[in-house]
Structures are given as C-alpha cells and as structure tokens.
Amino acid sequence: MTRLAAIVLVAAALAAIPLAAPSNAVLNFLVVALMIALAGQGWNVLGGYGGQYSFGHAAFFGTGAYVTAVLQVRYGVNAWIGFALGIAAGALVGRVIGALTFRAGLRGSYFALVTLAFAEVLRIIASVAPITGAGVGTLIKLDLRPEALQFQSRAVFYWAILGLVTLSLLIAWLIEHSRFGAWLVAVRENEDAARALGVDATRLKLNAMTLSAAITAAAGCFYAQYFLFIDAGIAYGPWISVEALLTAIVGGVGTIFGPLVGALMVRILGEAARLVTGDAPGLDLVIYGAVLVLVVAFAPRGLMGLVTDMRAAFARRARRRAAEVTGG
Amino acid sequence: MAKPLLAIHAISKRFGGVLAVDQASLFAEEGKITALIGPNGAGKTTLFAIITGFVRPDAGTIRYEDRDVTGAPPHALARLGMTRTFQIVQPFAGLTVVENIAVGAHLRRRARGAALAAATAVARDVGLGDMLDQPAGTLTVAGRKRLELARALATQPKLLLLDEVLAGLNPSEIRDVLPVVRAIQARGVTIVMIEHVMQAVMSLADHIFVLAEGKVIAQGSPEGVAADPRVVEAYLGKGAAKLGAGAA
Amino acid sequence: MLSPAILIPAVLNGLLTGAVYALIALGLTLIYGVLHIINFAHGALLTAALFAAYFAQKLFGIDPYVAVFALTPAFFALGYALQRFVIGPASHGDDRNMLLVTLGLAVIVENTLLYAFHADTRTIDVAYGFQTIDVGGAFLALPRVVGFGAAFVVALILWAILTLTATGKAIRAVAKEKLGAELSGIDVAHVYAITFGLGTACLAVAACLLIPTYYVNPHVGNAFVLVAFTIVVLGGMGSVPGALIGGLLIGVVESLCGLYLGESLGQIGIFLIFILVLLARPSGLFGERA
C-alpha cells in the first residue's frame, strides 16, 4: 500500500471513531493524544528528518497558545484569525531562533542547549509579563460558538485536531517526496557532503525549523482553544518540549506516522500508570523519562522502525520459502 | 593557451603555528586531467578544502571560469559546476545507493522522479547499477568510492575535484576505476585529482603539480615531473636524487 | 545607589555564591571535557544531592559538613553506575542518543523526587545557619564563607587527581584522544564512568555547602544548572580554570543584576548572557574549539 493511501485510510479510520459514541473520557483522551501528536509531528520535521534535536519546542507551542489567547482576550480578535496568527507567530519565533543558532553554526548538544534556554527565557518572561497575565495566566472566555472556534460537541474538536494531524501527515509525505526532504535528510546524515553537492545547508535548516515551529505552534493554538486556560508553565513548560520529542523518538524519528503512533503509545502508558498508582504529580513524567531511555537503548528507530524490521523479516522468510519450493 | 577553467594564485593558509599552504599557485585547463601530488602532509587536502570553499584562505585568489570565487561557500561553487569528492568517503549512511546519488542529482532537477531517474543512470555509468536499493552503509570501500564519484557526477559538474579516489583500493579495483575516470573526461568534464597511486597519475594526468610542505615545488608533464630531482627529494628525502643519479 | 557600602557586600556575596556555582560548573565541564557530551541530568542530580543532604540532617541529625564525607563517595558511586550501566550502554556510542538519555534521566530523577517528596520547599535549621562574619563592614553568612573556601579546596583536589594520579592521566588521555587511549590499553568505559562519578561527586559537595543557607524542592537543581551551563560556556567547555573564574564572574554579575533589577529578571539576565555567549563565542573565554 502506498504511504499516501495509508494516510487516507488512517485518517478515515480515526475520523470514524466519534461515530461509535465513545465516552467523553475516551474522546478527551484522544483529543489530547492527537494534540501531542501534532506537536511531535512538528518536532519531527526538524529533529527526525533534519537531525537537529531541539529541547525547547515549548517555545513554539507556547507562542501559538499565548498569541491565540491574548489576541482574543485583550484585543477582541476573532478566534480563527487568532489561531492563524498564533501559527504565524510561532513560525516567526522559530525563524528567529533558527537564524541566530544556525548562522552561528551551532549543532548537536549546543543546539539542544540553546533551544532549551530560549524556551526557558520565554517561560520566565511569560510568568512575569502583565500581558500574559503573569503568574495568574490567561483565561479565554467560554463562548461555545463555531465563530469563536469553540464547539459544544467534543467530537467537533476531535475532528478539528484530526484534520490538523492529517495535514501534518501529508506534509511529512510531501517532505519524503520532495527535493527539500531529500536535501534535509542529506544534511542530517552528513552536512559537509551535502554542502559539497550544492545544498545550502544553513538556509535549509532554517526553513525546516520554521515549518517545524509552525506545526508545533498549531498544537499550542489548539490547546488554548480546547482548554481555555494557559499559564507560563503550561505554555512554555518543559513538559511539552519533552513530550514533543518523546512521541517522535518512541514512534520513530524521520517517519511519517512516527509521532502519531508514539503519541498514542506514550499517552496510553501514562493513563495506565495513572490507573495503577493514582493521580500523583510527576509520575507520568517519570514514566516518560523511563520510556525515553528504554527506547533509545533498545529500539532506537522507534515503533515504526520495529514495524519495518518485522516486514523485512517476513519478506526474508517468504523469499526463503519460495526458494525452498522452487529449489527442491 | 586559453584561460584555464580553474586558476588559483598565491594561496596561503595558516593553522595556529603551522603554515599548511604557502603561496601555492596552480591551474587546470578545460577538458584536461590535472593531478596534484606530493608526500603526506604536504597540504594537498587543505588546498582542496580551500578551493572548494570549506576553508577560507588567509591570502590569495581562486578564479573559476575567469571569475573570482575566493571565499564562496561550497554549495555556491557546486551550483557553478565545481564539485568535489572526499578522501575519507562520506556516504549518507541511512540512505540507499540511488537515494544517495539522487541528492547530487537534485542540484539540477527539482522533481523527485527526475532526480531518481538521473541517479539510476549515473549509477549504471559507474557500475553500481545492480546495487541501487542497497543501504549505502553496507557497501565495500570500492563501492563507496564509486558512490562518492557517482554522487558528484550527478551534479553535472564542469570541474570535478577528486580527493584520492583510488585510496584503499586493491590493484584490480584500481584497474576497474581508471576507465571510469577517463570516460568522465571524455564527456568534457575537467578533472583535478589528488592522488598517491603513481601509475594511475602517470597514465591519467595531462599535467601535474607537486606540492611539498605547502609549496608548489614543480609542475609539468608526467615524464618531466618524474625526472625532476626536486620531486624525488621531496618524496625520498634530501640527497636521494643525487644517490639515484650516481647509481644510474 | 552606587555607594561602596552597597556595592562591596554585593560583590562579596556574589563571589561567595559564585564559588558554589563554580563547583557545580566544574563537574559539568569535566564531563564535557572528557565525554564530549552536555550532561542534561546534572541539575536533577544536584537536586537529588540536596535532598540527600536535607534528609541526612532532618532524619539522622547529621550536619551537612559531616554528611559531605559520606555523600561525596556515595554520589561518586551513583555517577559511576549511571554512566557505566545506563548512559553508556543505552547510547550505543551515539552523541545524539547520549543527549536523549541524559535528558531522560533528568526527567526521571526530577519527577521521582517530585512524586516522592511533593513540590514543597524545605529548609534545614543548623546552629550556625545565621552566623555572620564581618569582612570590612560587610556581614557575610558563615556557611557561605565556608562554602567559598571549600570550593577552592575541591578544585585543588580535582586538579591534583587529574595531574598527579595515574587515573587522572588516563582521564586526560581519553579527553585528548579517545582512540589512541583505547589502543594503548586504557579502559575507556571505565574512564568515562570515573569522570561522570567525579562530576556527580562535585554536586554532592556543592549540595552540602548549599543546604545550610538554601532551600530545596524538586525543581531547584534546574535553576542552578542553567547557571552552571552559562558558566561552562563562558569559561570554555572543558576548562577547569574557566569554570572557576567564570563561576566567580557570574556570581558577581548575578548579585549586581539582582541588586538593580530584582530577583526574577536577574534570572533572565543569566539566560541571555548564556544565549549571547553561545551565539557569539561557543568556545568561551578559555575553552577549546566547539
């Protein structure tokens, strides 16, 4: 089955879920999982395909969330426009951070550190600046009309985030079938060799970062509309930086479905843990940390990598059996 | 003589206390194979890195197609038609052979399909036609050298800089690669090669420059350079030329 | 505002704080200099050390200045075990993986502490906790002055280990040229683990020096460690004198910034310096090429 067909099939299957009338809790779980998946899809563009591991994607998530929220709450901007502007603002922040870091030639650990630092700076600013409500946070008024991008039915929220996730899957597919993607992966594998073949690595990474930031910002905008409350710790906190990269690593970096699969898996693990030990602060992150270490240690190519390995193993076995039959 | 395709003049580069390249000048005529030889540590790879934009020279100029390209970054030079290979091969390990070559092909072709088709054709030209879907990381040294060559060729270069493309190959592998290099030249590509394998240099090169301790100490036809006592001394040490002459 | 009566104590206090920062940074720069990775777990491990020092006093009545002699070897062993049995094997030698594993460890440690001890801030009470020494008109807290001296002692011990012992020579060999060291028979995995252990041991000392005058909660390590990152980048990745001088410098800068800008914005100042230095001169004032 071609990847494109798989995307359509997966999207259709997921879209059908609300029609089976699941409970609110299940639907809520899926909405949050998909939102995290979207953030992870964003991370994956830069980290998975581009090989630049950012530890501060919260910077984009939070910017999307705050711009969407503040524009509505303080300036009366229409929610849909606020959403779009939130994505644009996140992309802009990504471009600025990228311009500073890539032009300075930062790679690897340094890049991870700097992105972490930027996210922290934004968090501190948001926690004291009056425009974001400082320590109190920002509350969006409940207004369950589509014009205000709020919906009475949770299912509609679900389809909205599913639509965004499907879009991100298509973007990933486009990346894998375009020159941009071929060059991005080349830079990931060996930047100097890529430069020698005519790739403007700096500009490429910058564009990848902008796209990556935009996608993760969209997840942040959605968070604001769905939960109607954000503060500095939620918007710019390390939790989302960790979850964004975790979903991609667990699911499989540099694959189309990786972050989606990873998000579902990670969130299911979190829920299972909560069922067993109760709702204690910090426990879910402990599990996430452990999962990260275990996946890196034993399945570095993530779940999608395991799927590919299994397919290859089956193919080998099928070939061997065919050879036995014909060889006699 | 028409203006050479590549002309570098008085290039110098210092790394800390070491003068790696000292006022080196050389040129490459269009359509010819020019070789750069010299003992280890002479500065040949540094010179390549400077010519192809990976390292900035402290002094001197680089002219390509009679334009000053000193300080231009590697990707800009590749777009102008100057591509290099690396002495220590650098395959895109996670990609297949054809995907590797396609990265080079994409320089001139935007569409994925077109790039992959061109990559397939180039792969066949260098003899990798039946390994297209193999992961690049599983190739032998000889295979990787060919891959390196194929990737560079896919960018449709006018000037190809080969950095020890024969290093690490056994004699039969070398014998197989020589006609590939000649075929590239026959297609009109100008080649500048760093090489240590002397029979290859002697049989391929139209013009040779000898680099020792960062300086160009001799240049000329293969026969002329081989007979030059300064060259013998650079390789074998002081007095070796006289010894050879005395014994003869 | 600029009167010496205000400035001098601020500078002196900055130096005292800076010395402890330097100790934390020393561990970080040692690990970077040898393993060439940025240890993202450093902050969480500091928090763990602070909790250990806290409980040593609260539960067993052991004074931090005494506990340090037990905690330092304990944390050395912890660091050794972490690198030898978790980080090293899990990373398969890939730098990117090492980043992720240390990040994972940081998340695990910090949140385990959060889960176990909740987010409350705790302090200990020691008899000398509020004693001060008069230094030319400035009243400096006794524990902080002790901390200042101790930091230099530790730095000296570390220097002695690195230059005078066989292990230290092995560490320096691996830092300079891993493959060569391996070929001459040095057990690189062991050296890596010892280095990580030494870095973590520095944290134990820093924690014992801090706990008399500071507080502990599960997130406190992060604040310190980002300062430590800034110092390491400023002073140069892998440079021990750089970490010391950088630490003192940053301590003074933070103190003066806090004086004029207030607490929370002072923190931003550190981050901004950090980002600026990384962008402008990643190799720092004393360090090797990045």
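General remarks:
A, B and C are the chain letters, set down in written order, and residue numbers restart from 1 in every chain.
Please note the rule applied: a residue touches a chain if its C-beta (ideal position, glycine included) is under 8 Å from a C-beta of that chain, and two chains touch if they have at least 3 such contacts.
This is a predicted model, so every value here is computed, not measured.
Geometrically, the chain at the heart of the complex, using CA-atom means, is A. The most distant chain from chain B is C, comparing centres defined as mean Cα coordinates. Computed from the mean C-alpha positions, the centre of chain A lies at a distance of 33 Å from the centre of chain C.
Here the CA centre of chain A is 43 Å from the CA centre of chain B.
Here the spacing of chain B and chain C, counted between their Cα centres, is 49 Å. The touching residues of chain A, counted against chain B in their complex, run 177-179, 182-183, 185-186, 188-190, 192-201. Remark: chain A residues 51, 53, 55, 100-101, 104-106, 108-110, 112-114, 117-118, 120-121, 124-125, 127-128, 242, 245, 249, 280-283, 285-286, 288-293, 296-297, 300 touch chain C in the complex. The part of chain C that touches chain A in the complex is made up of residues 37-38, 40, 86, 89-92, 94-97, 99-101, 103-115, 118-119, 218, 226, 229, 233, 264-265, 267-268, 271-272, 274-275, 278-280, 282, 290. Listing the residues of chain B that touch chain A in their complex gives 52, 54, 73-75, 78-79, 83-86, 90-95, 99, 102-104, 106-107, 109-112, 115, 151-152, 154-155.
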